[in-house]
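Everything below concerns the one structure shown next.
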């Protein structure tokens, strides 16, 4: 299943947030979206996932979602969005409860996703007992549990410290290599973008427009730390964005 | 004025947080502290600044603080710690109000530090109107206003998005190059550490002990992005820390 | 006999306060007069008279005894309550309600009601019997009083004891111990100013008065019997000491229950005032009270004696 | 692209939208139903008064000038009592927030005083404070005090500790930290506590005016109640209700001015 | 190193420490002072009763068995009334939190009802609910209702919207979102609202028992007040105060059990 964004525009009241976004999200690929703060990255992700209706244009789903997918478009949130009153296991169970599957199947799915993220031992722990990295791994397990066609990730690593972020980025890459998934991955971190993105979409300052789309052909498994090609791409991206970032940082926020 | 940490140990109740820390902080140098989450970096910084009393050992101040320093040991906090009900200018004024200087002097100091951080235009804005980068620049101005002998910085950039972080790191380096200051700089980000640290102290998992001290001789102004020597040092640090980071991330938090 | 007319016992609710002035009902109940009339009485006790009046209007209580108050007249005007008989009566010669002054006022030389000019007079609420008594005394003596509404008898006692209001009038069993304690002084009798004052009346809902004649008459008969016993034992004291003792014991089942008998007995004896024989109504007194309420603009001008009283039940 | 379709919308909701006219409509409907019911006799005149009669009674009260004779003493009692109670409450609350010893001593005392009904103490208030204005002020002050204390020390507790540590790290004096960081930081919590305290103060007006008040909205209500005059009772209750709305609006306005930094 | 010295400590403070014995000490001191004062005659017997007399009165009450005759009806009124009011309040509060239309219609109504003193409506309660238990339940329920509504919709409003969006993003049904996300998320706020509502319920016990109650702590207090019997008045007040502490402890316990996930 592919996604196509067709001339998407969005406004909040008088404020234009996104303008004329055209983009293809092919199956099995990770599309990264980068851009200065407030340029509408999260908004774009909400439009793709159907959590908000675009003011103009449309998000089109091409082809059927794979059979057995409970929730074709599935989010992973920056702040994990775990229910603090449910254990790890029950947080995953939450998203399966509304579907017509029996208890053994549910337990099998939970076991499967928690072992893929190495959380089996912690299945009875409450979120408050987990470190940030573990919380995000729970959120990823939960997303995997509904067998998504597309994973929509909004800065999934930015709430973590940079060491944990390194570890989790490796985990994500390993997960993708084992079984490729489609993803739209919003990030602020250019290093993250060049490590995990098959293509990187650079948005301009608000109202967000597509400045450039950078494709990186290097297979994910070969993108080690400090790879020369990646450093080159990262510096290229930084040069595109530098002025926008300075301007965005110097702006007084309204309201 | 130098600082010397002598056999510092610290416990909270039954929990040992720091153990046998010996460290010299020479004047005019930036000492970075890195280590896994919860290893006691912030605690160590609080001990150095006199905000907490160490359970064992002592922090010794060698030599007099420079004349005219209102607050020899001055913090820059991760979450900015700006008073939301005061404007930029008044946030800086706050820390001068308890000192016996007259109004014109105060205003001159405020003007000076705000222009060094390029915030003059925004002096009447409230914190809520500022972007994260600007807020941290206000916090840095406030720290500069009291003419500190040592700046104690607790992950000053980690609340910012990575593009703003790049910009602010450059600003900090430029500030230091213009007028070298002494600093203890806690960070999670190894890239930040190799870019700004004259020496980098690696702490072990809790209870924090010094694993290694890495000295980088390259002058700050030459440490550009993607410098080979820095990348090498960064990878070296990552290798020291990797296992600690994994273990720290896998730990259930107590309480 | 009336009880044959009714196939089985009629259940009725009687509202009461735990005061000696409600003794007629207690006696009629304890001595089986209600049962003889085929009435199965349940007492509903209240902390104040005003909610009791409202409870009669709402049908929660069938019969009750209370002072004529603005509230009762208003309920009668709304077609919800009717006075059907008389109860407590001021009578010259019998110990009745007392006029009190605070110790401070007494020391300042106020020893007669005539000297109360410009002084404060405690009432519970505007339109209460205290208000009426004060107004009548003031009119008779040609003085002006300032009325202080204090809502609760407890608050009034506190205010009089501490000298914050100057004067008040109250039933003897409260007045006498206060006087004895020295904090207040009795300076007169209400009966001297309002002769034959109909202090309390028996009333019921308008519906009972007009549509349930039989049980209403039965109630009044039993009530009167209780009143006769009470008057004989404690007011006229014609029944002898044993009867008086027995009467006090009977009443102690309802009043001052949490005090030992020895402490309660004097209060019960002190509280004995005449209850109108045959529940007769002193029409003149009621008319006077009604006129006063109207003059004070506390009730609607359109109310007549017959709105308030159903005089078909008892002798006037 | 035979099998292509738009992504379905599944967000929205759970976000209240302002619909001010609905509130007005509800009030009008309720009043109309009561008017109709009382006119038709479905609602007996013992149960509820006719709204038009209440209005007429109110207009009478206004024209006779008595409205002001009742309203002004009540307002001054409310003002003085609430000012005393709130000021004392804020002071004690701040002290509790700042000093562990005072907290340990007073918090249980306040907790024990809170559930005491003020009307139970009416006879004592007469002795303690007399039956003039002092006892009314005292009763309202007493009722306003406890909730203000609780709200205030809660607000002080909730002041961001990092801001306090910041103040200490710049070696600010204790006094500066309290006046420049703790108090402004606690202000939002204190103000929202005042919303409740002042509503309680209005409620206590009736209890306060049980004590020898001839004039005052509370006294007016009590008299109406004792005369079972429902029209006047409802006029009084409506005035208190409007007073509540007014006070709440005033606090909203104060919040807007004092807390303009929240944007 | 002639001029070397340790860094001065300047942190600490602004963090309350538990000192439970101080509270106990304060109570004991206050009681001792009153005892001494009344014995010496510094405090007149009109102003405050002697604590030992209060205790003796309490013991009498206990021995006579009347304590239970007064306490049990009050407890059952409190329980039924507060349960009714709190349940209705939580339901309406959740509805207000969930539906904009209901919010727009009911919030102004609740705001208008809040400042109405319940004692002003006593005569009406008799007509509406009679003089038996129903009117006492109704009065307490009515008084508990409004603060519970306000606390509940506040709690629902404060449920983290990202959790709700998460639920929607997984296409959970509306019902699942409400029962599994909104209600558990609002629970801490609802419970802390109940603290206030139940304190109010205890306060209203006295008002409720003005309505034709023979037995009950409120009736006991009223009778003591009307006889100006300070010992008994204080026995009653102390019982209510202890009841308040008990209820607050019970809520604390419920919080601990229900909100164990907060750790």
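Some notes on this structure:
The letters A, B, C, D and E name the chains in turn, as written, and every chain counts its residues from 1.
Just so we're on the same page, contacts are C-beta pairs under 8 Å (C-beta built on N, C-alpha and C of every residue); 3 or more make two chains touch, one makes a residue touch a chain.
Computed from a predicted structure; not experimentally measured.
When the partners of subunit C are compared with those of subunit E, the chains appearing in both lists are D. Note on connectivity: the fewest steps through touching chains from subunit A to subunit C is 2.
Fewest steps needed to get from subunit C to subunit D, stepping only to touching chains, is 1.
Judged by shared residue numbers over all numbers used at their interface, subunit D and subunit E contact each other through mostly the same positions, with over half in common.
Of all chains, the one whose Cα centroid sits at the greatest distance from that of subunit B is C. Which two chains touch most often is answered by the contact tally, and the pair is D-E. With centres set at the average Cα position, the gap from subunit A to subunit E is 47 Å. In subunit E, the residues that touch at least two other chains are 10-11, 46, 122-123, 127, 165, 168-169, 171, 222, 225, 228, 263. In subunit A, the residues that reach two or more other chains under the touch definition are 49, 51, 73, 128-129. Of all residues in subunit C, those that touch two or more other chains are 50, 54, 57-58, 71, 152, 154-155, 157-158, 161-162.
Pairwise, the chains that make contact are A-B, A-D, A-E, B-D, B-E, C-D, C-E, D-E. Across the complex, subunit D is touched by residues 49, 51, 71, 73-75, 77, 79, 81, 83-86, 94-95, 97-98, 126, 128-129, 142, 146, 152 of subunit B. On the subunit D side of its complex with subunit C, the touching residues are 45-46, 122-124, 126-127, 130-132, 210-214, 219, 222-223, 225-229.
Against subunit D, in their complex, subunit C makes its touches with residues 50, 53-54, 57-58, 69-71, 74-75, 78, 80, 124-128, 147-152, 154-155, 157-159, 161-162, 164-165, 298-299. Interface residues of subunit D facing subunit B in the complex, by the touch rule stated above, are 162-163, 165-173, 176, 180-181, 184-185, 187, 259, 261-263.
Of all the residues in subunit E, the ones that touch subunit B in their complex are 1, 3-12, 263.
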